[in-house]
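To start, the structure under review is shown below, and the notes come after it.
Lettered A, B and C in written order, each chain numbered from 1.
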Amino acid sequence: MSITILYTIITLSAIGATAAIILYFVAQKFKVYEDPRIDDVEGALPGANCGGCGFAGCRAFAEACVKENNLDDLFCPVGGNDCMTDVAGILGLEAVKKDPRVAVVRCNGTCEHRPKTNRFDGASTCAIASSVYSGETGCQYGCHGYGDCVSACDFDAIHMNPETGLPEVVDEKCVACGACVDACPKDLIELRKKFPKGRKIYVSCRNKDKGGVARKACKVACIGCGKCEKECKFDAITIANNLAFIDSDKCKLCRKCVSVCPTHAIIEVNFPPRKIKEIPKKETVEN
Amino acid sequence: MSNLLTVSPSPHVHTDDSARKIMYKVVLALVPAMAWSVFVFGIDALRVTLIAVAACMAFEYLIQRYILKTESTFTDGSAILTGILLAFNVPSSLPWWIILIGALVAIGIGKLSFGGLGNNIFNPALVGRVFMLISFPVQMTVWPTNTQSGIDAVTSATPLAVIKESLKNGKPISEIMPELPTGMDMLLGNIGGSLGEASAILLILGGLYMLLRKVITWHTPVSVLGSMVIFSGILWLINSEGFANPVFHLLTGGAMLGAIYMATDMVTSPMTGKGQIIFGAGIGVITISIRTWGAYPEGISFAILLMNAFVPLINTYVKPKRFGGQK
Amino acid sequence: MLKTFKLGGVHPPENKISANAAIRQLDIPKTVFIPISQHIGAPSVPVVKKGDTVKAGQLIAQSGGFVSANIHSSVSGKVKKVDTIPDSSGYPKMGVVIDVEGNEWEEAIDRSGTLVKEYSFTSEEIVGKILENGIVGLGGATFPTHVKIVPPKGMKAEMLLINGVECEPYLTSDHRVMLEKPDEIIVGTRLLMKAMKVDKAYIGIESNKPDAIKLLKEKVQGYKEIVIVPLKVKYPQGGEKQLIKAVTGKEVPSGGLPIAVGAVVSNVGTAFAVYEAVQKNKPLFERVVTVTGKGVKTPSNFMVRLGTPVSELVEAAGSLPETTGKVISGGPMMGKAIASMDVPVTKGTSGILLMESAESKREKTLPCIRCGRCVSACPMGLEPYLLQTTAEKQMWEETEKNNVMDCIECGSCSYTCPSSRPLLDYIRYGKSSVGQIIRSRKK
């Protein structure tokens, strides 16, 4: 009996030893030198692997950071400025400060505002629907509402609102990685500067049709009338192709444009109620 | 216009066949053999079938409703089919509680744990059957014989078990054969065994019906039975006293049931005809190997399960013939 | 044994309910909208402007590139505007809107119905006339004919295949053209042969049109170089590659054009249009359109001026049934569902199919039961179930490796799926995504 055990131990040890020797030489032969700083940088990153930086994952981003001589074009939107300062510290480089951003869905074509003109009955993804035709409503620029952005989000930060049929961003969770921006075939989602208290003012429309056509398709469409552009004192608003755009980097949240918009296409979020003299009632998107 | 027009990508028409219809066609194909099993084994056969079907449907409903919390699909026909096939694979004397355990394993582990219909790797009925066979070997291998032939419900061994036992004891085939039912008896179903093993001819008839209604293609059954004949034929030609003849292999045990109904299960068989032939050939060879050299007298269940595991591999490497040749 | 292609294929109910309705001339509408992109390739360039008076057959948009086609006015009248209106996909497309006044044709056009059999044109002259008169493939793909019949350098055409298969259920426009214009088709075929410099032509017709087979067989007597080939009824036999396989037994290699096996395929309607263009100087500005469907009062085949809104056709066939659930431009297998009845008839419109709301709804999608029917139905030998999954998961490399680009989008897989899975929806998505990747790689 004891002999059997002995043989077993000897055989197994011999196999183990041989394997160890082979592995040692193999490891020597195929050794790849890696900059140890890559691991350090990777450690400083959030590890979400979302691809928001434009690289395949955090590892690839870390490699790029180590390889480059400056961090001008490299930014991790998830970690933000703090994270980039850490990375810069490790590499002895200068980090670029960027304003934190948040995703905003630029369509307010709820079922009520934008009547349906037909019914889609294909595979329910936005990508397929928009490859087939313009959409279920008269507005060819508006949201399909099949939630490609929702499935693209790794952070559970965007959800469909079943009542409006539109996606809504949860600001606290959004890291501005841009996955939803790429997923939206209608190009409706924009990364905008994050203001304190979650405040934002934006044109919730992407309709480039002429005023009449746009209005017919959707009650809250931007008709490109240009009133907001005139009203804005900070040159933050531009009109192109019958569509207004508010540059969030220039916007000072004065709310003047909101009051002049005849179709309520400009939306203000998380502001205190206005003082008496404001008459037009706003649709406020609850977050 | 009052109602909105529908827009969808082409095609705009659809065949009137559906997964549910396919399931019920298979059930229909099994009805004659089921009726025969009741005729041969008496009311017990009906009891086993009903318990198995009810249990499979109930477990599917309960698990989906209370554990997985998904939409219940217990009426889509697949649970009924699993129940019938499970019953076909057990002796009519099996106690009800073993059937329940078998059904639970078949549905719970064999099917739903993989994600439900379409995602299971192994044939659920066979998973249940093999589980029962290994856990309750005694109850699973007590075979009531034909109640019509006079000796009422006396247990006896299946022809395969007899041949295996006798060969082990050194008897040559020529001496064993007279003790066994004739080929005609086996074809018509005058032998002991599991419910569905009784009548080869009715199983073949059901198979032809399925072939005609395009539920199955010829590839799998022909390949399974063909490879069984070829492999056992080679052995038999080498030593006709040491190995049973191919006809005997074809007509006994679960060969027909396995080849026509179990191996052809769409979910667990390859997609292409070529793949199905490879799959079937594997089943045939493994079955004969187990029957000849293995511990169990019958091996088609194991053979099918083993080959089920190869299906993803076969699907990856056996591609259909591409139009215009390979790139 | 009738000839057919080998791999895959399905047999949907034929429903050729308009087969006995003779072609009727549809009244000219009040206004036509003629898109400037009615063909595969570059859009044409408008050469008229607001306020211009035009005659039927007058050039209104010039071919905009090598693969492009001229577009002619289908009516006489005044150009109202050159602007965008939504097309069948709902997206706005550029086009010419013309208010109809009278019915004046260009003088060069021979409006008489007499058959002109004789010709003395050279190949180049024929190609020139085809180019000038804006002939494109009328089977649905609308590939400019003048490009198709001139093989690229290094390739040589050996035979012409005339496609009279019409494998799409419901549609009968090609069938009617064959029955009513057989002589013209034969002349058109001979013209195309002359243009291509080939001495062999086959006309493939499915056996569900025995009258057309019989008639054309009679008419080709005396022309040994043209052979009528009856084919077994199977969808998608009208696909170029499938037709070539069925008639000649040759397989167009993966990713290749029919010319790779020396064949050029043209529709019977195209052959007729070629006859009219060459022998009668008539540009392509009208075509035969089937208006059909189970709820339609009088399923018909109309000769329609291009640019006529779909609603006019439907009205002429006995108004839009209340129960209509879906309007399809083309056949039920490959046609496009349209969201608006204002969409105009274009060169590629072979039929308007009105589907009852009950039959137009898709069944609920169930899990794949891996039955492999899509695999055995695929005429290109692909694995639709696999392509669907890889496309859904956006695994583009896998999708490409499994030959998604070979898909001809015939819809046999979706048709045959017992679980009603939207296979082709995803495969098409995969195909366009992979196509983009391939194009970007070439750059």
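By definition in this document, contacts are C-beta pairs under 8 Å (C-beta built on N, C-alpha and C of every residue); 3 or more make two chains touch, one makes a residue touch a chain.
The model shown is predicted, which means the values in this text are computed figures rather than measured ones.
Here the chain at the heart of the structure, going by C-alpha means, is C. Most remote from chain B, judged by the distance between CA-atom centroids, is A. Chain A and chain B, compared by their mean Cα positions, are separated by 52 Å.
The distance from the centre of chain A to the centre of chain C, each centre being the mean of the chain's C-alpha atoms, comes to 42 Å.
Centroid to centroid, with C-alpha atoms defining each point, chain B and chain C lie 49 Å apart. Contacts with at least two other chains are made by residues 337, 339, 360-362, 422, 425, 428 of chain C.
Those residues of chain A in touch with two or more other chains are numbered 117-118, 121-123, 128, 132-133. Multi-chain contact residues, meaning those touching two or more other chains, occur in chain B at positions 5-9.
Chain C meets chain A in the complex at residues 86, 88-92, 337, 339-340, 360-362, 422, 425-426, 428-429, 432. Touching chain C in their complex are the following residues of chain A: 117-118, 121-123, 125, 127-128, 131-135, 140. By the touch criterion given at the top, residues 1-3, 5-15, 17-19, 21-22, 76, 78, 116-119, 217, 266-273, 315, 319-327 of chain B touch chain C in their complex.
Chain B contributes residues 4-9 to its touches with chain A in the complex. Of all residues in chain C, only 7, 10, 12-13, 169, 241, 245, 251-256, 320, 322, 324-328, 330, 332-339, 353, 355, 357, 359-363, 366-372, 375-376, 378-383, 385-386, 403, 406, 409, 411-412, 414-420, 422, 424-425, 428 touch chain B in the complex they form.
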